[in-house]
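The following pair of complexes shares a single chain, subunit A, combined with subunit B in the former and subunit C in the latter.
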Partner chain A sequence: MILVGERINTGFKDIKQAVLDKDPGPLREWAQKQAAAGATYLDVNLGAVSADAAVMCWMIEQVQSVVETPVSIDTNKASILAEAIKVCNKPPLINSTTAAQEKLDAFLPIAAEHNASIIGLSIDETGTPKSADGRVEKAGMVLAAATEAGIPPEHVFLDPIVMPLKYMQDQMREILEAVRQFRLFSDPPPHIICGLSNVSNGTTHKKLINRTFLVMAVGCGLDAAICDVTDGDLVDAAKTAELVMNREIYADSYIKPASA
Partner chain B sequence: MILVGERINTGFKDIKQAVLDKDPGPLREWAQKQAAAGATYLDVNLGAVSADAAVMCWMIEQVQSVVETPVSIDTNKASILAEAIKVCNKPPLINSTTAAQEKLDAFLPIAAEHNASIIGLSIDETGTPKSADGRVEKAGMVLAAATEAGIPPEHVFLDPIVMPLKYMQDQMREILEAVRQFRLFSDPPPHIICGLSNVSNGTTHKKLINRTFLVMAVGCGLDAAICDVTDGDLVDAAKTAELVMNREIYADSYIKPASA
Partner chain C sequence: MQVADVTEKWTNRINTVTLGATREQGGTRGRTVTVGGETTLPFLTFEGEIPNRPAIAGLVADVVPDGWPDVLTAAVGDAIRSPAAWARRCVDDLGVDLICLKLLGADPSGRNLPPGECAKAVRAVLEAVDVPLIIWGCGDENKDNEVLPECSQAARGENCLLGSATEKNYRTMAAIGQADKHKLIGEAPVDINIAKQVNILLQDAGFDLNDVVMNQVTAALGYGFDYVYTIFERVRIAGLKGDRHMALPQIANVGWEAWKVKEALADEDVLPGWGKLKERGPRWEAATAAGYLQAGADIIVLAHPDAIKVTRESIGELMG
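Our next item is the complex of A and B:
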């Protein structure tokens, strides 16, 4: 399971304040905490705090000063991406392009040039499709464009766009069906990822809903998630789901006794 | 979600001893405990403790003396079933027939006569198929024979035969795929059930594995399980999975705050 730590994002108050104050502490602490929890990538999101690529570079440098874990550059601005990717010590995961031609033209060449992986949202300038078929169409456009740009499928992470269970309950099955179909696009298949926490927006039982949806999505072929990697129950559930999918070999010690 | 309480089974020492001693206490206590936890049916299994149908009838009567919950008559002997079904206050769930002609001929007429539901294992006299296709073939035979016997699909519970993750890890995906295909047999579809606890046989983290597999199976279309209904985390996970499948309407109060 590829786990992308969601926490270094100015959407969280402590990170926003740290970026405003140029205080490296919270960024470094969350980098270490998420790396220790087993994150494969650490998402770094500047959000609306600044339009200055130098600030994003500073954030990435704080992360890289304390851990070896590669970063995920989370920005919708190609100009920020172009600068940020230059300071990455390892090929990053770019978060993200959409199927809109303008986005593809801007993001894919940068990914190809730097041997980076890239998340492709199943969305375009007209919005998020409601059906599985609509999602498959948009994701297919991203994958085809990535292939044309010289990016191999194993560097492409397709994202079905997870909606909040509470407000869009009828879309959940469409999302799972889209995941199932993404799997069939190529051999080897692309990765399939989601921004997990959105599923529990506004709900009372967030952690339970996050881990239940994640397990169901893994059962459909999802193999990556942007999530709270420090949620031990979530990570244990993901590991168990991977065993059921026969992606890892079972051993009694696959999780630590205390966490079961 | 249709939950069948597994606990009144002589495979458990306390129940075995109670049946040997003709002590109604443990049977009544487990009946009440499982009914309070929300069981839809209570499985009653005499096992090898006796070949006397009167003992099975006594067990069912103990359950019915304290709760309204219908029973699931768990026996592979048609002679025991024929007697036990007569003492049931409500149409029971018969657990189970296989696809073997001899079994179908013996069990289906009894189910039809008593308006009972019946579990059909995807297995026959040659054993358990290893592939999804083999399971689908056997389950299809049960469903066809049940239809011919006058049993409607909504009274049929197809069972893909769940194997232990630890010893047959490569079969897990076949089982999930079988569930997915069972769903397509008829409209309305038959129920799909499994004996859940088998999946965690011999493992260190039984509850985690049980609930993870259950959630994945619900994602494939499973809507019933024979399981430990007193495991609150398991029931919460099942309820959440049902919400994702849009089978129940979301409400913040769908589980009690304490259990999340």
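Our next item is the complex of A and C:
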């Protein structure tokens, strides 16, 4: 399971304040905490705090100063991406492009040049498709464009766009069906990822809903998630789902080594 | 007619492990041996990369092995009485890539030699040859816990491969591997789940899985070989698919196991119609080795000079 730690995001108050104050403490702390929890990538999101690429670079440098985990550059601006990717010590995961042609044209060459992986959202300038078929169409466009740009399928992470369960219950089955179909795009299939926390937006039982949705999505073929990697129950449930899917070999200590 | 492309593409690479340390690297070896690094199943060079050919380790024991047939002991010759001379014969005459020193003398049910004696054999072999060394305990976990730390120290800095770490002794093995800068063999009793468990435990003990080679406990052809073959293959496929606890090179101790079975022990007076043991024995060993190479072995330990020759030729032909 590829886990992308969501926490270094200025949407969280402590990170926003730290970026405004140029205080590296909270960024480094969350980098270490998420890396220790087993994150594959650490998402770094500047949000609306600044439009200055230098601030994003500073954030990435703080993360890299304490852990070796590669980062996920979370921005929708190609100008910020182009600068931020230069300071990455390891090939990052770019979060994200949409299926809109102008986005693809701006993001894919940068990903290809730096041997980076890239998340492709199954939306375009017209918005999020309501059906599984619509999502498959958009995701297919991203994958085709990525292949054309020289990015191999194993560097592409397709995102079906997860909606809040509470407000859009009818969308859940469409999302899961889209995941199932994304898997058929290529062999080996592209990665399939989602921004998990959105599913529990506005609900009371956030962790339970995140966990249940993630397990069901893994059952459909999802193999990556941007999530709270420090939620032990969530990560354990995902690992167990991977065993059920026969993607990993069982071992008694598949969750926690005996000595821990 | 268009023929569909049925080649498999895997997403992960098997770890690369380098054994031996030259003078510049803090050891005294004349060369190092690198195994692993595959991105495809054995010998399918058209599907992926196989950057390192499987390595052959010459089996050497610290004492003369009991129960070996005359066919085998005669083929090794007088050198069988001295680990140093035996190792030299393997390297100089047979061109093996590395030496596997089995500390048979330590076995409590046999000679029960003290750790110091075993360490002497390690030093003697290190002085006699300049290829990388595999140091393999006698298999009795309690005795190995006494013997291997001393042998490990005797070879400190030589970047040897120490065997073997099991579910029971992994902490000791991880500690001595780290202290003396050696790689480790992780061993499981023909059980893929325990094989993964051992790797997780080693990692948890702070040992880098990039420094581990897996051993599924080798079985001879006709005596459980098919079970072990399946495990080798499943481990490799899981590793290539991205299970990082399974993406490790594998070792098969063929020389040690192949000569324990009736087909490699009994001559034609006992097995009429089976041909002379002199030819059949080494062929049994070589055939077992060929099977493990196909299964995914990265290091093959071999005993009989003819088996070594034949296996090297097979590897050459298969690697092109």
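Throughout what follows, the second predicted complex is superposed on the first by the 256 of 260 C-alpha atoms of A that agree within 3 Å, B and C clash if a C-alpha of one lies under 4 Å from a C-alpha of the other, contacts with A are read in each partner's own complex, and residues count from 1 in each chain.
FYI, a contact is a pair of C-beta atoms (placed from the backbone, for glycine too) under 8 Å apart; a residue touches a chain by one contact, two chains touch by 3 or more.
All figures in this text were calculated on a predicted structure; none of them were measured in a lab.
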### Task
Would you sort A:K130 into first (subunit B), second (subunit C), both or neither based on which partner it touches?
neither
### Query
Just subunit B (first), just subunit C (second), both, or neither: which does A:E154 touch?
second
### Query
A:P188 contacts which: subunit B (first), subunit C (second), both, neither?
second
### Query
Can A:D252 be said to touch subunit B (first), subunit C (second), both, or neither?
both
### Task
Mind telling me which of the two, subunit B or subunit C, contacts the most residues of subunit A?
B
### Task
Give one of first, second, both or neither to describe whether A:T204 is in contact with subunit B, with subunit C, with both, or with none.
first
### Message
For A:K86 in the superposed arrangement: first (subunit B), second (subunit C), both or neither?
### Response
neither
### Query
So which bits of subunit A does subunit B touch that subunit C touches too?
249-250, 252-254, 257, 260
### Task
Write out the stretch or stretches of subunit A touching subunit C in their complex.
154, 187-188, 247-254, 257-260
#### Entry: subunit C residues within the subunit A interface of the complex
9-11, 171, 192-194, 196-197, 199-201, 203-205, 234-235, 238, 241-243, 245-246
### Message
Which residues of subunit B touch subunit A once you look at their complex with the stated criterion?
### Response
165-166, 169-170, 172-173, 176, 203-205, 207-209, 212-213, 215-216, 218-220, 236-237, 240-241, 243-246, 249-250, 252-255, 257, 260
